[in-house]
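Note that chain A is present in both complexes that follow, paired respectively with chain B and with chain C.
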Partner chain A sequence: MTPHATPVGGRLWTPSVQLLSGILGISLIVMLWRFVFGLGATTALNDGYPLGLWIAFDVVTGTALACGGYGVAILVYVLNKGRYHPMVRPALLTSALGYTLAAIGVNLDLGRWYLVWKVPLYFWHWNFNSALLEVALCIMAYMVVLWIELSPAFFEKFQDSPIGSLRRVSRAALPILEKASLWIIALGLLLPTMHQSSLGTLMLLAGARLHPLWNTPILPLLFLISCVSMGYAMVVFESAFSSIAFKRTPEIKMLAGLAGAMVPILYVFAALRFADLAWRGRLGLLFAGDGRSVLAALEFVLFLAPTVMLATRARRHDLGNLVRAAMVMMFAGALYRFDTYLVAFTPGAHWSYFPSVQEILVTLGLVSVELIAYILIVKTFPILAGHPAAAERQAV
Partner chain B sequence: MLASFSALDTPGAGAVSRRDFVRLCTMAAAAVGLGPLAAERFLEAAERGLKPSVIWLQFQECTGCTESLLRPTHPGVADLILDLISLDYHETLFAAAGHQAEAARKQAMQAHAGKYVCIVEGAIPTKENGIYCMIGGRTAIDILQDVAGKAGAVIAIGSCASWGGIPSADPNPTGAVGAHEILKGQTVVNIPGCPANPYNLLGTVLQYATYGTLPALDAQGRPKFAYGSTIHEHCPRRAHFDAGRFAEKFGDEGHRLGYCLYKLGCKGPVTHANCSVQHFGEVVDAWPIGIGHPCFGCTEQAVAFRVPLHTTVDIERPTPPDTYPPIHATQGGVSPIATGVAGAIVGALVGGGYVASKKLSAGPADDEVAQKKPEV
Partner chain C sequence: MGISRRAALQGMVLGGASVAGAATASAAERPEAPSDAVGLLYDTTLCIGCKTCVVACQDANGLPRDPAGIDAKYDAPVDLSAKTKNVIKLYVEGGKRSFVKVQCMHCVDPACTSACMLGALQKREHGIVSYDPALCVGCRYCEVACPYNVPRFEFAKATPKIVKCELCRTRLAEGREPACSEVCPRKAVIFGKRSDLLKEAKRRLAASPGKYVPKVFGETDGGGTQVLYLSHVPFEKLGFPTLGDESTPSLLRSIQHSVYRGFAAPAALYAVLGMVMLRNRRAGPGGEP
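== the complex of A and B ==
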């Protein structure tokens, strides 16, 4: 797929991997604690707030940040911008890892997790009117599709493997994947469109429990648009940091081009949301002065700030500024999702929720395992394009 | 000079018993949230003859607020009210007329300068220099500025005096405004309502007379004791609302069974007033919703005489929650450690990201960046 992609190589058990493994170790203990003693013993969840940090971050925010694969696929395969092709694999890897963690996160949140094996088997018991089912199925399916989309990277490595069977399987699989790639890519575009919007639908179902500043029939559309902006931002962020961490030349031209594509998306999001609030006569709530109005206003500011930060060509070609804008963009999308799922949601008087230390530790552990996997995979398999810059120490 | 409405010179004598009088004081004190001790203070002040002097101005109004004060169902209560306050000028109640009446007002203003309570009833027209309401050759603006300027306290009773009320309804031909629009810079206690509940007025006046203070006011100058919560919050039909039982038409089965009037246009959910707990005329259920008519939002400038009578209002949370937190169990809490950990993580992300991006802008030429450990 990507001819120039090469493994980064180098030592695997680096200090940062050691540190992340330490965090992961603590988190694994907490996960075990949660699986043995239950949600009540480890989380701050209650009957009013059944969805907590694990859903709001690991699933809802995590999969949106993992929409880089989706966003880049739209760019390369739908809009036919072939020059962004080198970004496909790293974006797909981030996406695959993000969705895998979301899948783990969903299972962590299940009260009777030991019965989850029944879900795929007893499909005639499925409730096809359930948005939650759609999200769950789509996330699981998309996770599989992402790993299949990414699998040529592994087979390319294994086709020269000293182990005979692995070599034969790899050599057989590659042409099949090549032929099937059109359908896989099509699925990879369809599935996120379905479930990212359904993540919005989920909170629309909360009805009156959702604050009017967030409660709108276009919530699914807003979730879909913001996931694309978050995905692009993640690609920029991850690409820039890979270039530092693995001492490679940053793909500044490509990132600048991507940044140019993000600006209209952010404008569309902010304009749609503003127009919707105005149309529904809820703009006044934005100036009500309470905590939620401040948060909603902050979301607007964060969504629009990167459009200013990336307004000129020179600013788009400044890598540091590009990363800052990407971070603001990710934070904007994350805040929008946290607000919709936790802050704007009021199950009734007197309920309250703030994640417990255990919940935070588990989330930290999941992020750590994602980072470890990313580092190990790019070092071993041909994911990143471009060339090592360490020898020449090229300026940005 | 003044109409002697007071049948009693001392409480406890004549047709109305001392018990009734004490009860009225207690109700007025309770209305302002001052407690039973305040009622005794009111009583002592009244018995010593220290009745607050009240000058009652009437402009563009229907006298409904006066009627609601003086014509409660109980006979004699009007007399009791007049025993608690010294009503020195009131056009409706005057036996005097013309120059005689004006002279009485001037006399009261002189005698109690800086101490009397000025009550305003009715809107003040401002178009064409206020010629649409004149008394004794002077415009309402002029009279109000004169009387309120020398008053100790100014109270606007009714929606008209509070912000313009009916006279200010579109297209507002006379440019009618509330008293506070004319008296800029002066504290005006607004007691809106169409009519206003007399107990809210009485409580405010007696608090001023006895303690020299005014009740705490909200952003629109309304006493919080009466306008701090919505009709909906304490509505006797709230249970029907929560259960989804609504009257769909006037006279239908739901209406006859006393179901919630929201779908008939009840403005209770957005109307701040104490009607649902302090009914009118001491008669149980003597208020709009009590007799089966939707609240029309008379205490809200944005609603009354603006939003059509049968238009439903937007409610943020129209349905009751699926679950109520248990009474004795914990309902969720915020652990300080969790807050600290979350704060530290967010701080580290923002700070670390910013510092790293700064280095990126500077260019990765220096050794420090080149040797940066793989973080991603």
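== the complex of A and C ==
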């Protein structure tokens, strides 16, 4: 698929990977603690705030940050901008890892995780009114689709493997995947469209308990748009990170083009959000001066700031500025999602929630796994395009 | 190429049409209570706060005592919890006071059952919102959905369940009434068919004008509930949410169903995407725009 992608190569057990493995180790102990003693013993969750950090960050924010594969696929395959093709594989890798980690996060959060296998298998019990069921099935399916989309990168490596069976399977699989690729990619576009919007629909069921600043029938649309902006931001960030960490020539022209495409998306999001508040007569709440109004206003600032940061051609070609803008954009989307899931949820004044140390450690552990897997995979398999700056020592 | 473009257009029209169906779908999907629906009628003017119903509920459901306070000796739950499916609360403000009984409202169109992925929470016999742990994965989305904050979760356990009033459905199957209404010495809470209870509530309202807030809570609130309330103090003072006549799930269904009915829109989108990509592949990569 990507002719110029090559493994980065280099040492695998680097100090960065060692540090991340340390964090992961601590996190694994906490996970074990959670499974043995339950959610009450390890989290700050309660009957007022039944959903917490693991859902709001690992799943709702994590999958949106993992929408780079979705965003780039729209660009390359639907809008036919072939020049972005080298970004497809790295984007797919972050997406596949992000969704896989989200799936693990869900299972940590589910109180009765040992029954989760029933969700995809007990189809005669499926409740089609449940937005959560749709999200669950779509995320499971999309995770599989992402790994299939990415699999040529692994098979390309394995087709020259010294292990005979692996070599044969790889050589057989590649042409099949090539033939089916179009319909797999189409599925990879359909599924995120469905579940990323449904992640918005999901919170609408809270009804009057969802604060009016966030409670709108267009919540699904806002969630869909924000996942695209976050996905693009992640691709830019990841690409810049790789070029710095692995000492590769940054694909600055491509990133600048992508950054240009992000600006209108941010405008559309902010305009829709503003128009919706005005339409529902809730603009006044933005200036109420309470914590929620400040956070909602901050969302607007964060969504619009990158449009200024990326306004001129020169700024879009400045790698440092691109990375900063991408970070702001990721933070904007993350805040919007956190707000919708945690801040906007008002179960009553006597309830409160702030994530426990254990919850934070588990989340850090999941992020660490993702980074470790990313580093190891790009070093071993043909994911990244571009040219290594030879003989220089890698930072990661 | 011309053909695939036309097909793509048709697909888009198809998708658009199913979204447009949204507005018309909602009215048809507002459910009513089943004809055999049973429930409770609670009257604040009759309740003396003896909490016999609280203890009876614990006994009938095999729940432990739920002591509170400084010495934690006495059964005194302050709220619904993983140990308490039914609780009496006291409201005091100035000279006004009222007890209020809190348990599952057994909504006519419950948000919790709408949330539940595999139907662990479901309206089963007599419209009772009942729980089947074999279908529950412990996602707690029902807790997010319930406007009354009724479902509770056994956070303290490694193999937790949802805990909520199921209107003593096992007792009903034995021909007995719920424990709370059976033991109430003042008949402040009575059990019966929802239609009969509604009639009785309206009879009381008509018989003593001025005694009650002129409203039966649950007749239409949030699409209606099978547990009905009469009160002499405003309902919002007792902790009841102000809900419209339409249930939140019915509003949501109009969004979800319009997009997903018959899976037409996703199928159409899939076809369109495939078509567009096929066309792009034939046209060759776009390169610089």
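We take it that the second predicted complex is superposed on the first by the 389 of 396 C-alpha atoms of A that agree within 3 Å, B and C clash if a C-alpha of one lies under 4 Å from a C-alpha of the other, contacts with A are read in each partner's own complex, and residues count from 1 in each chain.
What we mean here is this: a residue touches a chain if its C-beta (ideal position, glycine included) is under 8 Å from a C-beta of that chain, and two chains touch if they have at least 3 such contacts.
Because the structure is a prediction, the values reported are computed rather than measured.
For the composite obtained by superposing both complexes on chain A, the positions of chain B and chain C are in clash. Using the contact criterion defined above for the overlaid structures, shared-chain residue A:348 touches chain B and also reaches chain C.
Judged by the touch definition given at the top, the superposed model places A:39 against chain C, while chain B stays out of reach.
In the superposition on chain A, A:335 contacts neither chain B nor chain C.
Looking at the shared chain after the overlay, A:183 reaches chain C, while chain B stays out of its contact range. Within the superposed three-chain model, A:207 lies in touch with chain B and with chain C [touch as defined at top].
Look at A:130: by the touch rule set out above, it reaches chain C but stays clear of chain B.
Of the two partner chains, chain C is the only one that A:110 touches; chain B does not reach it.
Residue contacts after overlaying the shared chain place A:82 against chain C, while chain B stays out of touching range.
When both complexes are overlaid on chain A, the residue A:118 reaches chain C alone and has no touch with chain B. The single stretch of chain C with clashing C-alpha atoms against chain B, selected from 37-45, 55-63, 235-243 or 253-261, is 235-243.
Applying the stated touch rule to the two superposed structures, the overlap between the chain B and chain C interfaces on chain A comprises residues 46-48, 207-209, 347-348. Taken in their complex, chain A has these residues touching chain C: 35-41, 43, 45-48, 50-51, 77-83, 85, 109-116, 118-119, 122, 125-134, 136, 182-183, 185-187, 189-190, 193-194, 201-209, 217, 220, 345, 347-348. Chain C makes touch with chain A in their complex at residues 80-82, 111, 113-119, 133-141, 143-145, 147, 149, 151-161, 222, 241-243, 248-249, 251-253, 255-256, 260, 266, 269-270, 273-274, 276-278, 280-281, 283-289.
Contact residues of chain B toward chain A in the complex are 314-325, 330-335, 337-339, 341-342, 345, 350, 353-354, 356-365, 369-370, 372-376. Here chain A touches chain B in the complex through residues 14-17, 44, 46-49, 207-209, 211-212, 238, 240-247, 281, 318-321, 323-324, 327, 331, 346-357, 359-360, 364, 371, 374-375, 390, 393, 395-396, going by the rule given at the top.
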